[in-house]
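Below you will find the structure I want to go over with you.
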Amino acid sequence: MSSKPHDHSHGHSHDHSHEHGEFSDLSDTELRVRTLETLLTEKGYIDTDAVNELIDTYETKVGPRNGAAVVARAWGDAEYRTRLLTNATAAIAELDYKGRQGEHMIAVENTDTVHNMVVCTLCSCYPWPVLGLPPIWYKSAPYRSKVVIDPRGVLEDFGVEISADKEITVWDSTAEVRYLVIPQRPSGTDGWSEEKLAKLVTRNSMIGTGYALNPDQLVGEVQA
Amino acid sequence: MNGGQDLGGMQGFGPVIEEQNEPHFHADWEARVLGLVLATGPLGLWNIDIGRHARETIPPQDYLSFSYYQIWLAGLEKLIARNHLLDEGVTAKTKGLTKLTLKNVATTLARGGPANREAQSAARFKVGDQITTRNFNPTTHTRLPRYLRGHTGEIVIVHGAHVFPDDAAHKELHDRGENPQWLYTVRFKATDIWGPDKNPNDHVHADLWEPYFVQ
Amino acid sequence: MNGGQDLGGMQGFGPVIEEQNEPHFHADWEARVLGLVLATGPLGLWNIDIGRHARETIPPQDYLSFSYYQIWLAGLEKLIARNHLLDEGVTAKTKGLTKLTLKNVATTLARGGPANREAQSAARFKVGDQITTRNFNPTTHTRLPRYLRGHTGEIVIVHGAHVFPDDAAHKELHDRGENPQWLYTVRFKATDIWGPDKNPNDHVHADLWEPYFVQ
Amino acid sequence: MSSKPHDHSHGHSHDHSHEHGEFSDLSDTELRVRTLETLLTEKGYIDTDAVNELIDTYETKVGPRNGAAVVARAWGDAEYRTRLLTNATAAIAELDYKGRQGEHMIAVENTDTVHNMVVCTLCSCYPWPVLGLPPIWYKSAPYRSKVVIDPRGVLEDFGVEISADKEITVWDSTAEVRYLVIPQRPSGTDGWSEEKLAKLVTRNSMIGTGYALNPDQLVGEVQA
């Protein structure tokens, strides 16, 4: 039994003081945000309906199913795959996915010899039009710090096995270029429709922290 | 700047943990912060590089303790304060600003903010060239992370000229505007960056502007 | 390891602020932590390098938020837990350990813990030699900070052989013991370490062991 | 007036959880320490009188007056100065200062052309026998991070002026060698006794974040 006499309450003390960014609990943060929104609205800088629509767009309309459709088409259509690898921004726009945080897209393809992983070590750059908003782990210090120095350790964290003689290539999104990983098409999917193929394409497989699902993983699997 | 945001190669944060069935937002205020950041951007008072610098100047102990939307909130508060948006007597009208309306949301998002610009000069490097990154440590904004400074890599993609963040983030310091520079994707060997014990098959790519290279 | 302790060259923490009339301790518990660390060291269960590694493996967001005695406390708790000192049924007696007594305090402090050892081989470098530090990024303990890796400097002092921390901190991983290595003070130009915008008059010195140098 | 709607309470929230090191306020820390001491004592690992004596040693007996005596002697005695610069550990032991965190001493001398500053970027190494326990700022992230990359900025933080053409040399205590700065002897002190000279030697002047006092600063000046 541990003899550590301290608890795990949320919040910890500071002996040093600093002048900004502090708040004691979530309700304080909530109050800060509410006050900010109220003031910005009152002073005419923002429109509540627009704010709601912005949130709704990324909560319900834009997400990794977009990217899955792109990948499925690339798997099924050799000419589309070539266009995607040559000019990803245009090829993705063919499916009407474009705009903010997807202005300059590059698609990188996993093969038998290369596995791609995407990160933004400096902030949280992520291809919104095809993947939606990034998950917490993508924006977190553990992922951002580790994947460039120990990508194999990150794959282990995700329970993903990879051979030591396969190249791992990490793409650090340091500019306004955004990366989409095209995972390898699973075997046993010959003749599948794009709709059915898309179901195999998980969000993590398009970041590089996972593979596409195998057909036998499809039943009952929640699509991330 | 070598702030809390410059995380590449740091150690000791523990394993990457994926939350199962992660919601888009973990509290209502997170959604509001996303909305506020996206809604205030089109006011045109700051660009993406100024926004990033506002976040990365959060003291490292806070940057590393905050959740990501707390970082965004702290950054947004700075930008709002610096632009005196909430000062007494100041309104969007007195500032001559137009707010984003509901009917413009979709087109604004679809337009996004492309960073490519007309080149001011010919590209000095081409695919296949070896480059060495500069060793510098500005206290100002840069997108050349510490772990890639002073290393040699190979150019694998030429993107054209893009807004140069090191200048675009600092209108207050100098008047170089967006100062577009050639942007390249550079391929580095993991063994060159981190040392000979790394897997010789592994590589890291980053998108770097011409001024980041030793000329 | 590239943990929260590896602070050299980080930016954004703000100015150094000196507390006027600073007390030795800001709370009674700080004094007790100092006393506990100094009193448990002589039990001989860990050395200074193991102690340092216990502190530097505190997650960076905590390391940077804790006060320094909080860091010491967290490190001490780890060492005590790892050595099962407080497990049920375990006592100093069952462990065969002898506690530091009042009458031995002065002599124990006066003796200290010298780190010089008999050299296992001849020194490979002498004053005036140029050396280049290795580029490595171990997850284990090292005293070669990130900001001094892969840089060239000049040897200005030869100290003799000293306990090699990278090995002494990791008895659990390998059995190299103290593995004494030649220790040198190396002088680096600020412009070499940080870039050409630094003052060309300025230098940084560090004490580095022979295995840190490219051979 | 600032419109920021958040307060400055001590403590802030964590959205992520981690498994150690957390505690909600100082009284929790105090409780942890008390429990730890009680258990260690009960189990026979430590002796309360010894713990008290260790604390008392550094609270009342060992401090920067030791270092000031060393510096004053070096200022007044050319042969001692030579011994100090040649073998600081032995020269300092002549004054009976030695032991823990001073086992391997080096004295570095400020001159008209060189100003020395001492740091431990990786932890808090400090020459205890001559300076006692380090002040908070010496162990803090601002000092440890900044002095190696921007020593002139640190001097500015301390209100210390230095010419751009004087060399600043920083000593990062990465091993078990500990550094003592010998500040420049102020003018107007010819013929002063060692006792009187020692009063000019501040703690900061022996770390390099300050100069020795001038004679006219001596009256009423609290010696750090």
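A few points about this structure:
Going by the order they are written in, the chains are A, B, C and D; count residues from 1 in each one.
The rule is short, and it goes like this: contacts are C-beta pairs under 8 Å (C-beta built on N, C-alpha and C of every residue); 3 or more make two chains touch, one makes a residue touch a chain.
If you're wondering where the values come from, they're calculated on a predicted model, not measured in any experiment.
Note on connectivity: the fewest steps through touching chains from chain A to chain C is 1. Taking B-D and C-D together, the pair of chains sharing more C-beta contacts is C-D. Taking the mean of the C-alpha atoms as each chain's centre, chain B and chain D sit 39 Å apart. Centre-to-centre separation between chain C and chain D, using Cα means, comes to 16 Å. In whole angstrom, the spacing between the mean C-alpha positions of chain A and chain D is 47. Mean C-alpha position of chain B lies 35 Å from that of chain C.
Shared interface positions of chain C, i.e. residues touching 2 or more other chains, are given as 2, 9-11, 13-14, 26, 56, 58-62, 64-65, 67, 70, 77, 86, 137, 194. Annotation for chain D: residues 3-4, 12-14, 16, 18, 20-22, 26, 29, 32, 34, 36, 39, 140-141, 149 touch two or more other chains.
Listing the residues of chain C that touch chain B in their complex gives 1-4, 9-14, 56-61, 63-65, 134-137, 139, 146, 150, 194-197. Every residue of chain D that touches chain C in the complex is listed here, in rising order: 18, 20-22, 26, 29-30, 32-34, 36-37, 39-40, 43-47, 49-55, 57-59, 98-104, 106, 121-124, 132-133, 135-137, 139-149, 151-152, 154, 157-158, 164-177, 204, 209, 222. Of all the residues in chain C, the ones that touch chain D in their complex are 5-11, 13-19, 21-22, 24-29, 31-36, 38-40, 43, 48, 52, 55-56, 58-59, 61-62, 64, 66-68, 70, 73-74, 76-77, 80, 85-86, 90-93, 97, 99-102, 104-106, 108-116, 143-145, 147-148, 157, 159, 162-163, 165, 183, 185, 187, 193-194, 199, 201-209.
Remark: chain C residues 2, 14, 26, 60-62, 65, 67, 70, 77, 81, 86, 88, 137 touch chain A in the complex. Interface residues of chain D, counted against chain B in their complex, comprise 1-4, 12-16, 18, 141, 149.
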